[in-house]
Amino acid sequence: MSRIKSNLPRVLGTVAAVTLSAMIGGQAVAQEIAIGAVVPSSGPFAEWGRSNTVTLKMLEQQTNDAGGINGAKLKITILDDAAKPAQAASSLRKLAGDEKVLAVAGPLTSSAAEVTFPVANEMKVVSTSQASSKPGVAKLNRPWAFRNTIDEGVLAKTTVPFYKKAFNIKTVAVIFDAKDATASTVGKVIMPAVLKANDIIIANENDLLSFNTGDLDVSAQVTKLKALNPDGVVVSADYSQAITVLREMKRQGLIKPVVGATQLISSAILKAAPEIPVIAPATFYATMTGPAPEKFTATLTPLLRKESGLPKDIEPSMYDANIYEIVSMYIDAIKKTGVTGKPADLEADRTKIRDHLAKLEGFAGLGGPIGFNDDGDAIKAFYVLQGQNGAWDTKVKGCSSAPGHPAC
Amino acid sequence: MLIQQLVNGLTLGAVYTLLALSFSLVMGILGILNLAIAELFMIGGYLGFTLIQAGFPLPVAVLAGMTGAAVIAIVIEKVGYQPLRDAPLVTPMLSTLGFSIILQNIATNIWGSDPLQLPIYGDQYTLGPVNIGEMQLLVLGATVVLVALVAYIVQKTPMGRALRAVAENREVARILGVSADRLTMLAFILSGSLAGVAGVLIALHYGAITPYLGVEIGLKAIAVMVIGGTRQIWGALVAGPLIGIAEVLTVAYGGSQVRDFVVYGFMILILLLRPQGLLGGARSDQGQRV
Amino acid sequence: MSTYYASLLAESGILLLGALSVYIILATGQLSLGNGAFMGIGAYLSSYLTVALNVPLTLALVISAIAAGIIGAIVAFPALRLKGIYLAMATVGFGEMVRSFFLNFDTMGGSGGYRGMQHISVGYVWLWAGGILIAVMLLERSRVWLEMQAVHDDETAAGLIGLNTVVTKISAFAAGAAVAAISGGLFAHHNVYIEPANFGFERSVDFVLAVILGGSTVAPGSLVGSLLLVFLPEFLRPIADWRLAAFGSLLVLVLLVRRQGILDRSLIRMLTFRRAAA
């Protein structure tokens, strides 16, 4: 009660806004709009989940400071799945079933998405992953599953030709993380197909090299890469694992340009071997230019660095940008489709959000306009980046849809 | 390429040897698996990293890693092992698992879950087709010295003889006036310090660490300990490089995807064919009750 | 009951079966740290049967259990020469080999995982979990269990009084493997997606943890342990960043306070007000 008193002017404002919007829209709106998020704040991806949490709290604050959604306050309930698929699925059940949220952002990993998306369909609530890029995961779980990421198969088709041209690549050798589902699909299937389509010879086509997540020593693999003497190296792994490979390449003197998937994009990988050029696609990176991304980075970076449990030199990641966009899209849907947020309308509200996302076009994201394709994956601009000497540099702008689409 | 691969294999083998020895100091003497050793290794690595980053010389970093890991080993012994020493073996093993979960969480909260990196430490040498780093040589050298040191302590000093007496028969040792409790603590400290030193050296060689550094390598080190024989100090020195080279050659000859299959298959084979380990000593067909 | 709690209960049921698979083997004094592998075999085989061959789930589970039981017996035969912690390590090796096998088993997706299973209800999970728990409790009252206990307490003596210790141990191993396979089959059809990482060392340790925390001398102990392991991390959510550390600390604490596990015979007697006749 005391809280209400101290916030009296604000509450009155909210009440006025609610009444106003109710009068204008002819519809009553709940006091609070509930949205959920599933992020891995503990376990091996803790840093991603924790920075996602800071990002969402920032967005919640920004939204409410700007008067909320149609006058109602935004409340984001964030649950930690410890990067465990089972916990991600039960978190979604808790959010959708107990907390009655309108839509869920997350889960982050593809393994968690594989288990959680079927639950989203069962519960009839939208779930949008901020990082999963394993091919076809959302496609298998339509209509409620979405991913604000681009399928790696699409990205490679732009990345590889640039890589070939920029470094005059005729032969490559492939190494991938066999334990990581996304990395192994990219390394074993996607990259070989795209390389062949671009007339690049794979020196170890019948003996693709692999290592396992968590391996400390990849010296044997790198020695073999070196013996193949390729023009470049395909490293398909999550950046924290790719760092191990890059460092070993540097140590053994294999200074050849590296190409990979979005999994490589991070500030950390730039420190691994600054003299080795790394080519990878991204939809966002911390040093990206433009009014929207610069404002996002400038606001979020100090908040991240203030947070205990996060390193002092942390920068916003692509996944922070993605989850920020996801919830922004939900807010957009709620504002535009007459979502009431009232318990009685829950099912109808969730359907409205789903339908809005499915036909979304040209939503103003951080890196450009965003929409979704029939597979539930994002149609958005992406950039082929070259990382070298400690910085990412945009080389090519691409788009994950046919030319002429508003997102491009 | 083959020579370079052998160098790679020996380095990896040295890593396994040091960790396997840490495991076997507790295992051989107390018959329990201290699962937190992999995390002591990780903490040692982080402490070493932090000090090197702050500009301290290598010996100071090594000392800090050693001391830090030893102190945590004391806590684990006091809290997690000592009160449970009479329980079935699996109980203290699980309590050390509790500590390894706690240590991973602490490391994540202090240093983050992303890899912490240092520039390549020390010089790199190229001898013909072979590439070898100063840190790599140091790891190899330190492994031989540390194994020799531990072997000396365990086999030649009165303290070591007491340790072996406890390992042989706790009751008889007690009757002979050996304080088993004090020696248990000693085994934990020795094993923890070793893991800490290994953590600093190995983390500096690879130059990148995460809180989950010890998980995969810890399990392999346990396999190496079994292959070498849990009661034989020198066993780890033979088994480590053996597994390291087996692993590297599997990768070199086209089997990188079945590497783990080969390593663990080899361990099972050794267990079945030479249950006492390569160099003998342990009696795996007469293990203690679980 | 909300679908969230229903799902947690289903997970507990699946973990209970995994725990019982360890409990049965532990009753003969053998520690298996590789039951995650048998769970994996059950998960993959039953999923293949239901998805690719349209076999009804219950039949698929039974077939998987029998297959895993046979593999268990084959593995146990040489492995049982080993004792104590050495057997445990051989099972760790076996577990890692099976995981590595599924990682390279491209027919069923390899590291990409396998999907297409039909979701099952919490009721179906507990039909199996409860049924097998009762079966194990009945077994505990039989002569067979006494023989298992004899092997556990003193194998040499058990052999001397004419018990066939090898048959007892292998049967326990096979039965444990079969139960773990059912756990895996239910896991696969509860999550409707499986990948090799689901069945690694961590999973095997979870099984042992559930048994030891709950109480390794009575079958209902596994029930207590499984419920604890599934629900505790959920209740620790408010601690946020320190959730796993708190879990680790509570784990150590429970072991220190009740090294025999939360549930044992005397506690059951106290709870049921039964006289110490048994």
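The first chain written gets the first letter, and so on, giving A, B and C; residue counts start at 1 in each chain.
In the analysis below, contacts are C-beta pairs under 8 Å (C-beta built on N, C-alpha and C of every residue); 3 or more make two chains touch, one makes a residue touch a chain.
These numbers come from a predicted model, not from an experiment.
Contact count check for A-B and A-C (C-beta pairs in contact): higher for A-B. Comparing the CA-atom centres of all chains against that of chain C, the greatest distance is found for A.
Between chain B and chain C the centroid-to-centroid distance comes to 29 Å (mean Cα coordinates, whole Å). With centres set at the average Cα position, the gap from chain A to chain C is 36 Å. The set of chain B residues touching two or more other chains comprises 105, 109, 257, 260. Contacts with at least two other chains are made by residues 42-43, 46, 178, 308-309 of chain A. For chain C, residues that reach two or more other chains under the stated contact definition are 103-104, 241, 243-244. Chain C meets chain A in the complex at residues 2-4, 6-8, 11, 103-104, 110-113, 115, 119, 191-193, 195-198, 233-234, 237, 240-241, 243-244.
Considering their complex, residues 27, 31-33, 79-80, 83-84, 87-91, 94-95, 97-102, 104-106, 109, 219, 222-223, 226, 257-258, 260-261, 264-265, 267-268, 271-272, 275, 282, 284-290 of chain B touch chain C. Against chain A, the residues of chain B that register as touching in their complex are 1, 4-5, 8-9, 11-12, 15, 105, 108-109, 111-115, 117, 120, 124, 126, 131, 133, 202, 206-208, 210-213, 215-217, 247-249, 251-252, 254, 256-257, 259-260. Here chain C touches chain B in the complex through residues 26, 29-31, 78-79, 81-90, 92-94, 96-97, 99-101, 103-104, 152, 201, 205, 208-209, 212-213, 216, 241-245, 247-249, 251-252, 255-256, 259, going by the rule given at the top. Of all residues in chain A, only 42-48, 178, 207, 209-217, 219-221, 223-224, 226-227, 240, 243-244, 247-248, 250-253, 266, 268, 271-272, 308-311, 314 touch chain B in the complex they form.
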